[in-house]
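In structure tokens below, several structures.
Okay, so subunit A shows up in both of these, paired with subunit B first and subunit C after.
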Partner chain A sequence: MSLPGSNVGNLRNVRTSLSLLGLLYASVLLAGLLAPYDPTEQNRDMPFAPPSRLHFAEPRGTFRLRPFVYRVVSKPGSFGEYAEERGTTYPMRFLVRGAPYRIAGILSCTRHLFGFDEPAKVFLFGSDEYGRDVFSRLLYGGQISLVAGLLAASLALGLGTILGGLAGFYGGWADEICMRVAELFLALPWLYLLLAVRATLPLHIDPVQAFLFLVVVIGMVGWARPARLIRGIVLSGKLREHVLAARAFGASDSYLLRRHVLPQAAGVVFAQLAVLIPQYILAEVTLSFFGLGVGEPVPSWGNMLAAAQRYDVLTSYWWMFLPGIALSPVFLLYYTLANALHQQTARLTS
Partner chain B sequence: MMRQVVERSILRLAGTHVVHGRWGPTPSAFGSGLSLAAARLAALACRGRGRFSRPAGARLRLSAALLAAVLAWAASARTSSAQSAEELLVSRAEIGHQGGQLVVNQRAEPKTLNPITAVDSVSREVIRCTIADLIHINRDTQRTEPALAKAWTVSSDGRRYVLTLRRGLRFSDGHPFDADDVLFSFRVYLDEKVRSPQRDLLIVGGQPIGVRKVDQYAVQFDLAEPYAAAERIFDSVAILPRHLLEQLYTEGRLAETWGLGTAAAQIAGLGPFRFKEYVPGDRIVLERNPYYWKGDRAGNRLPYLDRLAFQFVASEDAQAMRFQTGEADIASRLNAETFSVLAKAEQTRSYKLFDLGPGLDYSFLFFNLNDLDSKALPETSRKQSWFRQVSFRQAVSAAIDREAIVRLVYRGRATPLWGHVPPGNKLWINRSIAQPGRSLERARRLLQTAGFSWKPDGTLVDGRGNAVEFSIVTNAGNGERSQMATIIQDDLKQLGMSVHVVTLELRALLDRLTGTHDYEACVLGLGGGDADPNAELNVWLSSGGTHLWNPEQAQPATPWEAEIDTLMRRQLTTLSNSARKRLYDRVQELVAQNVPFIFLVSPNVLVGAHSGLGNFRPAVLDHHTLWDVEELFWREKRSSATP
Partner chain C sequence: MRYLCWRMVHGLLVLVGVSVLSFVFAALAPGDFLSEMKLDPRISPATVAALRDRYGLDLPLPLKYAQWLRSVRRGELGFSFAYNSPVATLLWPRARNTLLLTVTATTLAWLIAVPLGAWSASHPGRWGDRLCAGVTTALLVVPELVLGLGLLLVAVRTGYFPVGGMMSARFADLGPWGKLKDLALHLFLPASALILLNLPILVRHVRASLIEVLAAPFIQAARARGVPHRRLLFRDALRAAANPLISLVGLSIAALLSGSLVVEALMSWPGIGPLLLGAIAARDLHVLVGTVLCSTLFLLVGNLLADALLYLADPRLRVDQA
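The block that comes next holds the complex of A and B.
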């Protein structure tokens, strides 16, 4: 046990959240292996099927270590009402052959970690309106959302740090130019600009291009606010006594910025990162509305959440919110990480 | 003309929630009378396909009763004993009692209360309750019936109509009404400077309708050429109060008058309700018109309701919740998902839901068949070599799982379609149009005959070895359409086609469809305000602005489009109803054979109302729920207080 905020506790926090985040990113990267189905496969007779129940005990009471499921069929004449057929059991099998997929876009593979014999379907997190497996979609969707959010936030913060740092440190015309451009970016009516951008692009953009485009658009839109924050910190930081002293000893500008001024902004940068990543994951929904994001049937957490924002889904199909629930540990981990890193750097710079 | 065409197409394209925005009648006919309708209704009832809220037989009796009422009127023009000078129209509906307020959800604020210039559907929905027309289309029977005109005669060549007006009527401010008001109204609508959207509809054979006063209570209308059942033109053409507007008209200030800021005393109409107050951002309230010209059989004057309040609720979900909690009394145009949620709680709540069966809306997929500049859009014009092949379009049609769309997108509350007249249009549908089920087999055969083949991995390639790949656009914000596109995408994947779904904001989409023609395929919906073929002229004439796959052609691009043009023009001037039906049947056959539109489904009209509301008789024609607002009443006493 260590006191919160102490050095050991902090390092442990950094390590735990980093390893958990690493695990998350790894599982998303290995989505093909972990997901039992192709994320775009429609089961049209099973819309809005609730999460499948994994059984361990047979009706007669025998306990089985290997989980099994019953086949689920929709009740005749109903919509979204299902019943288990208790006749046959379908045990879980490991490393089964299934829909082909690629890992990281390179390794081609057909083995899935687990699966069940047809015609049983297992929807660990239920199915959506087309009968697609929400669990598989969640894993695949993370590939886009987690990475796009991180990259876009890094891009925005990177640009913001560089431009804000330069503006704050040098002042004068550099400051004028950077800050006026930032104001321009803040004042632009993005809605119309995005519409115009959409009009100039070809109708269909393939998912990789769409992904890069997402990152660039979100990053470009977002840099102005952090830049202003960082400029303020640099502006006050460069007048601190230890900075002035270093300058008096003949330190170069780049050394001063690197060693003394920008580290003071680290806290703000990390706090911004923790705020911006979730924001940018959601920004993708807005972009999808303009036909700029990832379109159906490719899953992303953004478009999965958008599909849940309907009255009937809200009231009837709770499992459609799983992407939203999945987001909260992600945000929490980022927040913990940012917090710990902030304290770490604060300790180092103080 | 152009402006209007564009605006109309916008209104019509905007989705099921905007589509109903019909701003004026479209001339049409149902002249052949009861026999055809009765036969069709009987047929429907026998086959058990009628999905009415009421048994088909009851509807039949009702139509007969209404017709009888109408005939009785034309013959005797009975007057109410209480108001001997006033020729009131006697309603045959259930006798109710006066009092209470009806609260209706409105998805946006109206822009104006001016019936002359209003183009948006929201304004027109409010205005509709404050105006009256000379001849009215009964939304339930889909036939014309007397309104301000108690009777009319038609000359044998079908070009002259003489309308006899009711005597002793008054506007909602108490000022008397006569032929001069009618003359003034038509002068205003036909004046090009006023730019009324109604003007287009009052032009027959290229010439404005001639209007002449016969006497104080009779007006004569002359058409340049015979026009099928021209009395439908008069529906929803509001008669204006000359005493209030003539001065403004001569000063050229008509366009700005009757905005939302106008004092209630300066607005008058002949409708069941009159403007009372407007609370920006919240509601608009109409109050009972004490001079309304309809009464019930017990001698009471209609309307029964004291007030009608439109409250502005933007989101559909919020509208549904207000309806569920009883804050709104009527829910119009529910989508299937909301309907199913409301239906679950129907037992415990005080509302009733109605599934009226298929309406007049239909949705479809179509390919870009415009004459494209191959330099500007090389990719699309290359792909047009597929799109132009009838067998390619037929193959796509055969591969689409319409049943899945009905089940997944509409929860079973829609009807699969193979032709452009939906089953909601009972009088005009051609029932001999083939309805082949889904068959990938047939689709593959059709593609093979058209020179397509498959690569070993299943990809479909054309004769030159190019993989078949295209994108389907649809408007963002219409969940049903993007869901349909997603299902089609998956269906066509099984034929080896690589299809992408792209959603665009509505304006951007319309710009591509009618302006730049930069798209490949599109999922969209249309819906007429009237069931008559003339309401669809703009869609099927090759010169029409809503001829979506290739709009506003100077010359018909294909022989079958030329034939449709001829048929549509001929039915326009054919007076015999059965002959018109034959012509329109042929149009439906041509469309089904050549599949310029690949029809998907026709959604059911879903509405709901508080169970204490009397005389609530929703109809598949719009306005689905408020068309008989003057007859609605509360079975139990309710307070008239503003919410």
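The block that comes next holds the complex of A and C.
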């Protein structure tokens, strides 16, 4: 354990959180492979089935290395109560054929990492009101929620960098207008602004549209803060001596911006990215939660969590909280990353 | 004083800008409140057309805006189709409720954060400080949706607190003391959600700025002369650390309002948050503009108050102005 805030500790924090985040994103992008079922596949006879138990020991006591399950059926005459049929065992099989899916929308495939023979169903994280597998939906939902945050933050920072960079570099009336508009955007509480912009679209839009729209809206609403930050850096950065020297050698404006001025802001940009992504993930989740984002049947962590508003779900089926609980580790990773990057930038510039 | 006037004018300009902005956004939306009516076979097209004409729904955007401005001058802030009433009568009680919730939550959060942060700052690195840091980090990474749902779950399970709403059905029959108690019970859940949301940020800032001040030479000198620790901490250090903290009050309002929207909607607190969500669903243009404006107004006034507080707290600012 090195000293908190020391260089080594910082770099290690950056590396650890980055690699864990990479793993997370890889697993949601490979959702089709990792998830045993299609996220929209319904089992109407199994609503709110509790998480399945993987067994290793048979009733007679023999231990098996390969986990197996029993078929779970609802008790006759009851709702939401299930029992295992202890007759036949269904061993876990690897790389089985199942529902077709596409990886990243291109590569079409039918193999799943694991699966069980029909009629056994395995809900690692339980099932929802239509008997859909929460585990599969969580993975697919991550594709929407996590990726939307990432794209929206990149868009906001891209816009912010361009506008803030130009405003700071050229100054004058462009700068004035840019900063006044930024002030207007910052004067609005952010969620209210987001909802106001969301109101421009019809209530029910198809999921792909909704996803793209969310990314664009969140990105467009968020450009103001990074733009102000970048403008500040460019404002002082363009007067640094190596920049002045390059200008004296006859470098063009665009070359100066690209090669000498904007790179000075790189540290801040990356730190901002780590700050903004979790915010925007949460924005997508919140909008979808209120039914204004990505809608059913496509899963997003927000619209999955919306089910937990129901009284009976809230009190009886804890696994329906999982999409919300899953946010915390993601936020923690980004938070660690942002902290470490921030300290690293502070160290380098001081 | 001139600065204050300038700030007010600026604030007014921002409000006008925001109203134009939200009008444009809302006008881009396809359909309006009456477009659903067109599909209803029981309502004749002539009625719909008459209604559209009466409320000026087919006017071009600048005229619509002018119409709205006139109604603002009358103090109505436009007309709500969904509630069939002027927006102002709808908005003010809601705004008051949001204010009640956010102000209570902020005050309590500061009252908890200052001693906690001060204690943490005066024992840096000890187990208590570490525990505090751990808890604040944990709270920081829990999103408000989950926090709100979690608190609801607790309320439902224990049954100590009413779930949702602002007052009981028998509120009107209660005495003044009973009314206060009932309101406090209803306020408890949403307020604690907001407090838990804000606490980590506040505690961290209090701790960081106090640690900085405690290392300053004048504190060392005072300590060497035997000023008791507690007096040093709360009288001298806190006063010196007040500046960035007061700025934080202004900065945290935006986050507070956004958090409040979610909490209000989750716990059905009748504030402006649920009103906005309803207005989006119903395509109720003027209510939408009204709520967005109202939230902006809160933010501006909050920032102004924070600046005024800063002006009072920091003699250097006063000297510069004079």
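In the analysis below, the second predicted complex is superposed on the first by the 238 of 350 C-alpha atoms of A that agree within 3 Å, B and C clash if a C-alpha of one lies under 4 Å from a C-alpha of the other, contacts with A are read in each partner's own complex, and residues count from 1 in each chain.
As a working rule, a residue touches a chain if its C-beta (ideal position, glycine included) is under 8 Å from a C-beta of that chain, and two chains touch if they have at least 3 such contacts.
None of these values were measured; they are calculated from a predicted model.
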Using the touch definition from the top, say if A:Leu107 reaches subunit B (first), subunit C (second), both or neither. neither
Using the superposition on chain A described above, determine whether A:Ala57 touches subunit B (first), subunit C (second), both, or neither. neither
By the touch definition at the top of the document, which applies to A:Ile177: first (subunit B), second (subunit C), both, or neither? neither
Quick one: is A:Tyr311 in contact with subunit B, with subunit C, with both, or with neither? Answer first, second, both or neither. both
Could you tell me if A:Leu195 is touching subunit B, subunit C, both of them or neither one (first, second, both, neither)? both
Based on the superposed arrangement, let me know which partner A:Leu203 touches: subunit B (first), subunit C (second), both, or neither? both
Which chain, subunit B or subunit C, is in touch with more residues of subunit A? C
Is A:Pro297 contacted by the first partner subunit B, the second partner subunit C, both or neither? first
Once chain A of both complexes is superposed, is A:Tyr335 in touch with subunit B (first), subunit C (second), both, or neither? second
Can you list the residues of subunit A that meet both subunit B and subunit C? 195, 198-199, 202-203, 289-291, 311, 314-315
Touching residues of subunit A toward subunit B in the complex: what are they? 40, 42, 44, 47, 79, 129-131, 195, 198-199, 202-204, 288-291, 295-297, 310-316
Inside the complex, what are the residues of subunit C that reach subunit A? 14, 17-18, 21-22, 25-26, 28-31, 137, 140-143, 145-146, 149-150, 152-153, 156-157, 253-255, 257-258, 261-262, 265-266, 276-277, 279-281, 283, 288, 291-292, 295-296, 298-300
Given the complex with subunit A, which residues does subunit B contribute to the contact? 316-317, 320-321, 337-338, 340-341, 379, 401, 404, 407-408, 411-412, 471, 473, 476-477, 479, 482-483, 485-487, 489-490, 500-505, 508, 511, 518-520
Once bound in the complex, which stretches of subunit A touch subunit C? 183-184, 186-193, 195-203, 282, 285-286, 289-292, 305, 308-309, 311, 314-315, 321, 324-325, 327-329, 331-332, 335
